[in-house]
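Here's a structure for you.
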Amino acid sequence: MSKHVVIREIARAEPALVEALRGYGVATVHEAQGRAGLLAAYMRPICRGAAIAGPAVTVLVPPGDNWMIHVAVEVCRPGDVLVVAPSSPCSDGYFGDLLATSLRARGIKSLIIDAGIRDAATLAQMQFPVWSKSIWAQGTVKASLGSVNVPIICAGQRVEPGDVIVADDDGVVAVNRADALKVAEAARQRAGSEEEKRKRLAGGELGLDLYGMREKLVALGLEYR
Amino acid sequence: MSKHVVIREIARAEPALVEALRGYGVATVHEAQGRAGLLAAYMRPICRGAAIAGPAVTVLVPPGDNWMIHVAVEVCRPGDVLVVAPSSPCSDGYFGDLLATSLRARGIKSLIIDAGIRDAATLAQMQFPVWSKSIWAQGTVKASLGSVNVPIICAGQRVEPGDVIVADDDGVVAVNRADALKVAEAARQRAGSEEEKRKRLAGGELGLDLYGMREKLVALGLEYR
Amino acid sequence: MSKHVVIREIARAEPALVEALRGYGVATVHEAQGRAGLLAAYMRPICRGAAIAGPAVTVLVPPGDNWMIHVAVEVCRPGDVLVVAPSSPCSDGYFGDLLATSLRARGIKSLIIDAGIRDAATLAQMQFPVWSKSIWAQGTVKASLGSVNVPIICAGQRVEPGDVIVADDDGVVAVNRADALKVAEAARQRAGSEEEKRKRLAGGELGLDLYGMREKLVALGLEYR
Amino acid sequence: MSKHVVIREIARAEPALVEALRGYGVATVHEAQGRAGLLAAYMRPICRGAAIAGPAVTVLVPPGDNWMIHVAVEVCRPGDVLVVAPSSPCSDGYFGDLLATSLRARGIKSLIIDAGIRDAATLAQMQFPVWSKSIWAQGTVKASLGSVNVPIICAGQRVEPGDVIVADDDGVVAVNRADALKVAEAARQRAGSEEEKRKRLAGGELGLDLYGMREKLVALGLEYR
Amino acid sequence: MSKHVVIREIARAEPALVEALRGYGVATVHEAQGRAGLLAAYMRPICRGAAIAGPAVTVLVPPGDNWMIHVAVEVCRPGDVLVVAPSSPCSDGYFGDLLATSLRARGIKSLIIDAGIRDAATLAQMQFPVWSKSIWAQGTVKASLGSVNVPIICAGQRVEPGDVIVADDDGVVAVNRADALKVAEAARQRAGSEEEKRKRLAGGELGLDLYGMREKLVALGLEYR
Amino acid sequence: MSKHVVIREIARAEPALVEALRGYGVATVHEAQGRAGLLAAYMRPICRGAAIAGPAVTVLVPPGDNWMIHVAVEVCRPGDVLVVAPSSPCSDGYFGDLLATSLRARGIKSLIIDAGIRDAATLAQMQFPVWSKSIWAQGTVKASLGSVNVPIICAGQRVEPGDVIVADDDGVVAVNRADALKVAEAARQRAGSEEEKRKRLAGGELGLDLYGMREKLVALGLEYR
């Protein structure tokens, strides 16, 4: 049964491993871990082109109340990614340039929030990458408690503290810390295999031949006219 | 009871006051007037980075019928912002580059519309800032009347003729003309106070300490582990 | 009654005609053919500023299954536009940079998909224009059949194989091949007439006068105050 | 600029007038006042078949916080309708059988809420009519202030304290108290005229003839084949 | 290219065939024609439990304008189903009890509309079955033309005049008139086969055994623990 | 990293405990476990008035593919509740009267599905309670694997195999099996306390007094006029 707690210490993946996952990108990492861990499609970057990864510090917030984000800043470490989810759906602007300034001063580089942010123009100037459900000036209060570093559901996906978050233009994916090494290895293999395919496809070879699909299509009854 | 009317003359706030509000931006103005006046989150700029303010000339239009926008052009003055709302939800493209050309020729600089626009690429080239619900080529007719300069509900917010409209990447906010001076003063104070906070947060001070939140969190039962 | 078929040969409009339609743009073409053929407003370009046209190769795909896109590549010709619709609503990432590489190698220049795509950053680098319902990394399978070059409903609009697809920042419109010449001619006239209007409006003339609207407004009972 | 206030006394329309409006129903009243005042289509009765009317006591609530509903109960009078709107969109269950019991004990007969309610089965047993955006068990807190009997925007419509609310299976409409007599008279005339038309249409006469539409259709260019 | 036309005469399927399709229901008919023809999931009956079928008389209407429904009544025959689609998305209340009275007087028994209806309580009393996108009192005008008995896209599905419409609690499906006999035969076979399966499943036999699925599941790698 | 697995044996809560939770209902159980565990508001009963509880057998299915539901039937026990979630959003009709017949034959009494169902009229006649995202005839295939009795995210909530599911008109809530006894005890206390409050409120006492709210409201600055 739920209480309002702040877990100060969480385990984090190795920085080199985090950086490797960032390099493979969301689509490849999502595939490499068996098509799991992807947040909902409505989570969009506020500026295109960013690509980040880092351990998740999770924050559960009440609707329209951003108090716990202030609490969370203290337990973050440089390189962390703040992952925020409201306890019921909300589009309010929980986060703006003051909080971004505070996060940046402590080395936190990105925010993932299943709600809204504001001061979008300033965040863009600061090059502070954010993935959110909305951009909206609507203010929030500081009246009710939530929790920090408990498992949360963010945009339809469970995120545990310390999960490696990878985010780019294709969305946001969470990788369980215990699986991160295996996922990175699978991603490496997938990326290598894709490079080979890319060359053959660029040369005009058809996917039908490259993947050997023709027989199965006929067997299932596809009819060419 | 409603009729179809055009009010030719409306009162407008002082240009210097309008410009001051533009400078503070949507989030600060929205806070400064007690978190009121903000249009819905789905109202988005068609190009990022614009920031405008001006007195509202309001237009109530039937669904799929843009006739009254032509009527409204005549009663606008240089610096005005056209604010358009359909009488029932609609995403059609009410507004394109011809209307933008006409508005610009008369000094009107921006459009806020709770519906769609089209000719988006040309509007971007013209640097004519628009906040809308959608971008869509769907054409409209000129068959039924609406009204100009009556109070309207635009994207879930009441807008009266002469309200000061402020719009930027965070959305669109309406300020009652009679409150504009007080709101600007409150915004000025808020902006000043934020500057001070920004410096302290940039130096690594925590919001928990800056805002003196620790005691209240403990009093409400937040548990650190 | 439906079967799974691939139609290898379709009729295509003349390249010069296709290029002419591209030049007029979606809003003008949509008007020129009597406000018909426009896909739903949620179909958005993944990068702003692109403007394409080409004959449609249509693909009907099961939800979450992109197999038939591979089948479709083989029957495309240089200059074609791939138009993909799922048999029930889906936002998964059916298409990424490998498929784009394959399409480009064969001269296909664009994709219209009533579903999601991924590898958005790479597609942007490749300058491969795509209009889609979503951008999302969610993977798809290759397990069930669909059809290629049958009439489909894509984003609320019927598209037949060989229809000329025109797409830009205002959305996507389909023109029946048999009507393409007449539509292009009507678009040419409309564009010419708009140029004349643009000049007069830029000079400050009111639409009320340019279009001769004043009498009809009064006749319908519009009241000026 | 907004503050948190409770207005104790509001003016109310005559009960006979309220009852007359209830009898005409939402569609007729909405037409009778010039197609104004209708709340958004997503406001649905939790049980079909109810039809109510009464003076509005308005309540502005924070997202996920139902405290002000308790405050509002005290200022209601028998026959009033409670109209509740959150300051930003929310689907939480603000209202359940305890609040309904309290309202009923004081003679308030209905609730209109642009948010969620819960204990739906018990409310149905109590025959307590509610129009809401959602039915959902999600709990709310009592931590932040709102206001009672100030003008609010509820489901896209402005509602002032004392407006006559009429609600049935077609939705919810607000009638300005000052207009209520005129609207009732217009509704009476409309209802009478509809009765006459109903008889003629039931006898097989066509609307085309009854309303004399044929000539205008031809004049506009409708082509019969 | 589109014009505003009314086609007076359309071909209709045999009443016995229509009645047979009604009996099989939407889910079975949809399967029997190869999972084609189903309207979008948001089309819902205004009262549960109705089940109808009939030839489609199609109506294309402008947003917020119900004039063409009056035009369509004249060309309907007893037993027809009116199928109405707006040229751009709209939720207004196009249809109420007067139009229902008129339709009933001429033997038309049902309405399918990709928009809203009103007078829902009266329609329920009349037992006039309607499938719609919304129930909403919002009024419409009679100012602009549309067409009657042209192919339309209704709720994401193409409907041609004379298609057999089947509707029940599971939604609405359109069957091409030329295919109706084959579809009815396929539906008959499917219904028979389902009856057999229903008995075996009711006796406790597992679908895994009844459909012989076990081997294929193992072959694909399903792992039991 | 995910694989396709079927877990045959899961732990289940005591039937008496399950029945107790059913009796308290969703709203009370949700509160009793600290406002956790509630599925999204769009999960609605296909017939109003049902109230069920039981241990969850979880099923993860691909979009548009209901094969794994057949697999899941075998591992269910009498009294279980089937909880089904697609791996990406889907509204197709995964479940109809044949599957309901099979489930009922084996003592399974209810279905929770974050997708669509069909044969709704027959399910209503069978009094087989279902909570779903949609009712839609759209058919599904049997081509790709998923998993049974793994943790899933269903309608924005994590559900583990063996969780106690409680569902009624207010929605669906999941209770962790290990917490079920404590939650039931907390629900019992809450229900008792509500009974007392209900009596006092029914007698006309105000919530303001019953809950002792007046002082705190004044302290926060609420202003009565």
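Note that the chains are named A, B, C, D, E and F in the order they appear, and that numbering of residues resets to 1 at the start of each chain.
FYI, contacts are C-beta pairs under 8 Å (C-beta built on N, C-alpha and C of every residue); 3 or more make two chains touch, one makes a residue touch a chain.
Being a predicted model, the structure only gives us computed values, none of them experimental.
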_Touching both chain A and chain E (chains)_ = B, C, D, F
*Can we say the copies chain B and chain D touch using the same residue numbers, with more than half in common, or are the two sides different?*
same
*What is the size of the turn, to the nearest 5°, that moves the C-alpha atoms of chain B onto the matching ones in chain E?*
180
*asked:* Just the number, please: Cα centre separation of chain A and chain C in whole Å.
replied: 31
*asked:* Between chain C and chain E, what distance separates the C-alpha centroids? Give it in angstrom.
replied: 28
*Where chain A touches two or more other chains at once, by residue number*: 3, 35, 87, 89, 91, 138, 144
*Which two-chain combinations touch?*
A-B, A-C, A-D, A-F, B-C, B-D, B-E, C-E, C-F, D-E, D-F, E-F
_Complex contact set, residues of chain A against chain C_ = 25-27, 30-31, 35, 38, 41, 44, 48-49, 51, 168-171, 173, 194, 197-198, 201-204, 206-208, 211, 213, 217, 220-225
*Considering the complex alone, what residue numbers of chain C touch chain A?*
3-8, 67, 70-71, 73-74, 91, 93, 96-99, 101-102, 104-106, 116, 118-121, 124, 134-139, 142, 144-145
*asked:* Going by the contact rule set out above, which residues of chain A touch chain F in the complex?
replied: 1-3, 32-36, 40, 87, 89, 151, 153, 156-158, 179, 182-183, 186
*Write out the stretch or stretches of chain D touching chain A in their complex.*
62-65, 87-92, 138, 141, 143-144
